[in-house]
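Two complexes follow with chain A in common, the first pairing it with chain B and the second with chain C.
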Partner chain A sequence: MPENKADRYRRVAYYPGCALEGTGHAYNRSTRQLGKALGLDLVEVPDWNCCGAMEAKNVDPKVQTYLSARVLSLTANRMGMDVVMAPCNGCYHNLKKAEHDLANDPGSAEVVARLARKAGDPAYQPGEVETVHALEWLKAAIGEEELRRRVRGGLKGLKVANYYGCMYTRPRHIFPEKDSGPASESTAKPHFMDDLLAAAGAENVEFALKTACCGGAHTLSDSDVSTHLVLNILQAAEAAGAEVIATECPTCHSGLELHQVRAEKRLGVRTGVKIIYFTQLLGLALGLSPRKVGLHENVSDARELLAARGVT
Partner chain B sequence: MPIHEQSLIRPEDLRTHDQLVVDGVDVSGHWSTFIHSRVVSDYNEELQEQIASLPGGEHIHRCWQCGSCTNACTVNAINPDFNPRFWIYLVRMGLESELLRDKEIIWQCVSCNKCTYVCPRDVFPEGVMKALSHWLELKGHTRKSPAMVFDEVFTEQVIQRGRIEEGRLIRRFFARTGQALGQDWLVEMARRLLRHLPLGLLTRMGLASLRAPRTRGWSGARDALNEYVQEQSAAHRRALGLSELIETARQDASGASGG
Partner chain C sequence: MRNLAQIGQRLAELLEKGPQAGDAGTMLALAEEVLEHWIAARGERPTGGRREGFRLLALHHQGARGEPSFNACRESCRELVYHYNLLTLEPDDTRCGARALMMARLANHLYLFIAGKLQVERLGEFCCASRPLRTAAE
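Right after this comes the complex of A and B.
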């Protein structure tokens, strides 16, 4: 790796994934707008496919490894690039897992090579591409100091609970760069989103359920459990004094929104905390319009709150 | 370390008697609770091997029963009967009939990987939960769980087209599980979205979509994946000794219809 991270991340391959073209559209829009506003280049991976999300692995784990490896292969071989950025926790997790399995499990490597040969794709060699999450991308490419300099108005004391979910930190072995010194991300108590939002003026609350599970894998197939888990998260955030839960995953985000509504309908429990993508919050702090960051696309309608706090 | 989270004594085996004298000794009341003894004789000696032959179950033999997985488990916090440590124990002991008592809840694992995170022996309990669910379905002990139906609908769509379109996915899932799409909370969600969204965007979000996205140049991958999935499912049936069973049943059936 010739240059430092800040330079390498200025121009990266962009893998939005299926959710960001659907229910997570606001995350896609705000991520792209943020890149544009900060002078960072996102080049979409051509002809990308689904990474397998949380489902394909239950049919067969190696199907997921192949699907994710194909995206890595497109990045390396079709684009000639060595960094791919995925804002979705599921995509990010699966690409990381494929990278780990291909390097450490000969069985997976053999099946993926065989499938790639039959499909007619060039095979992916582990180590060719580095997968980063939107949080890691912004943290390294821009960083807190630069962000502080660029913020206009900012989030001015907005009380935020930062919610990272499961797939950004677990299982630990697929994220070898985490837990590796003071500047690195922590798997037990992640802080990259806290750091970025604090630099934009937010007041982060002490939130114990940062990496709790929202039940996203069974959001429709076992809805009562998911509602229960989401309600825990919403109520813990409110108890910690948060007005907003910042999210960094489309599955978590729509899970929180969906089951906030479901808890109201089915259990009669209302929670008022708003659910907003961290990229939307950062975009607003940089002076982008609510429309540009897709605030109107959220089910959890935060426009009134943000206007009252002087954020928009 | 003793394990406190699961007693092997079943509540229905506890006996107390209001009035009872045995051999001249008064054993009435709560102080003289009896435990009805039970004998387990139907060990399935192949159970661990069968689970280990399914994806995710490979490392079950490493478990040293520390209980960290259960202690960290998301679903256990909601339902104490959901107990990965205990199920791994039952499998390793070959106690199939005991395991079957919990067959209706094992699929509820939400794959949060809290267990994998804390497991000191790299058992990957999350994978073991998936292997157990598969085993239950393959052996015919349970119907396909709603979660597995969802996973299959999802994976079929990815293999066919390369990409997922959520609206279509949700419709298919509800259809296949025989549920109405008009769930009050889904309708309420759509209503809230519609309040401030133009229809064009809803269409793009897949909620009202007729167009299904697909990956360009996908047919090679589709064929390769279809072939692989078929090959794997045959291999799993073989590993569980199910293919001979099915073959015998088929021969019986054709013999009967022929005769």
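Right after this comes the complex of A and C.
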């Protein structure tokens, strides 16, 4: 097994999760294309299942732990791999939570062992697999220096507010590797997306709401609450001078895009800031075509802006 | 104590006129009032104490006790304090206008989150607390 992260992360198991096959398809497409362009190998987890997301968690949290643990078990036992990369904040969060629960809660371990036995799968043992987010993957496997070297046109002059949402950093206890030194990610002020996009030439703006609640989990049940929260995030980004909000989660991305439209319809407030996945921005900076990174799949149409800034 | 709608109205007026560095104290006080509403709604008396020199952080700490989903607004509170410090320690900085506007947006976010949470208590449960929304099913 390679010793350092840069080598370990060059070939990882890839867990796209359900959202990336639906509303977050552009994130899936751009992540795969980016990996290919950078010479990183993504091997999709075979026969993967839903991480349990909101639905299973609400019925029985331990079933959600099992569903996430099954993905980890497939990675370890069927693929023989020890790193799984999940670009979706929800999947990443749930896999991390399963890891934490299995290591610390005997009740969860008992349920997972029982359900795995019933399904005929080996039960996942904590510590077998490391779960990483797409940001951590790229930051360690490529890093800013290498990215800077490979960037072609770049994102020069593009003003970006980086929005991380909540599940990438909360609750803090399931992310023990964060807040662990100068090179690590921060839960209070995450910066990995800022670092990567700056290396690709973007001008990151000072954005104080990068982990602020968007009401995401309530987006359908309490839409007005979510619309007001999202609108404030969009207006804050514009106040900071951003032309683009970069996202790293399909739920955040859809929430921002759809409530931007809803805010205009319901509240009569129009915001012009564009919402783009960070993988799409990095792909464009590396010279990939807008179509290859799925820009046409976004609800927030940024094509004119990016052309005007010379990014495409 | 003003009601939440009055606080929301005051914040909207500030955002409308364009807040200045001199409004930092007002915005911090409005944010504290918002947290007082959350604590009062839980049947507690809002603390008069301070954490790291700020009552806002003490109020957040009190509001989050036994309520991990309240950490959804932890960073907003800390950013409010950070912006307050920037505005009061560097009142002549050329970036004051932008900083004041961002502080007003932060205070507004805190207001929207708490107002939303008072309507829908479980806002932030699933994500920030990583707890199921329907705990009765456990």
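The rule is short, and it goes like this: the second predicted complex is superposed on the first by the 310 of 312 C-alpha atoms of A that agree within 3 Å, B and C clash if a C-alpha of one lies under 4 Å from a C-alpha of the other, contacts with A are read in each partner's own complex, and residues count from 1 in each chain.
Rule of thumb we're sticking to: a residue touches a chain if its C-beta (ideal position, glycine included) is under 8 Å from a C-beta of that chain, and two chains touch if they have at least 3 such contacts.
What you are looking at is a predicted structure, and each value in this text was computed from that prediction instead of being measured.
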Fit or clash between chain C and chain B when superposed on chain A: clash
Partner chain in contact with A:225 - chain B first, chain C second, else both or neither: both
Touched partner set for A:183, first chain B, second chain C, both or neither: neither
Partner chain(s) touched by A:233 [first = chain B, second = chain C, both, neither]: second
Chain B versus chain C as contact partner of A:296, first or second or both or neither: first
Partner with the higher number of touched chain A residues, chain C or chain B: B
Chain B versus chain C as contact partner of A:97, first or second or both or neither: second
Touching partner for A:213 - first (chain B), second (chain C), both, neither: both
Part of chain C, among the options 22-30, 58-66 or 76-84, whose backbone runs into chain B after overlay: 58-66
On chain A, the residue positions that both chain B and chain C contact, one per complex: 54, 57-61, 166, 170-171, 212-213, 215-218, 221-222, 225, 228-229
Footprint of chain C on chain A - complex, ascending: 54, 57-61, 93, 97, 165-167, 170-171, 174, 188-189, 206, 208-209, 211-213, 215-218, 221-222, 225, 228-229, 232-233, 235-236, 239-241
Residues of chain B touching chain A in the complex: 55-56, 74-75, 78, 108, 110-114, 116-117, 124, 126-127, 130, 145-152, 154-155, 158-159, 162-167, 170, 173-174, 177, 184-185, 188-189, 192-193, 195-197, 201, 204-207, 213, 215-218, 220-221, 223-225, 227-229, 232
In the complex with chain B, residue positions of chain A that touch it: 18-19, 21-23, 25, 47-50, 52-63, 66-67, 70, 111, 115, 118-121, 166, 170-172, 187, 212-213, 215-218, 220-222, 225-226, 228-229, 257-258, 261-262, 264-266, 296-297, 299, 301
Of all residues in chain C, those that touch chain A in their complex: 68, 71-73, 75-76, 78-79, 82-83, 98, 101-102, 105-106, 108-109, 112-113, 116, 119-120, 122-134, 137-138
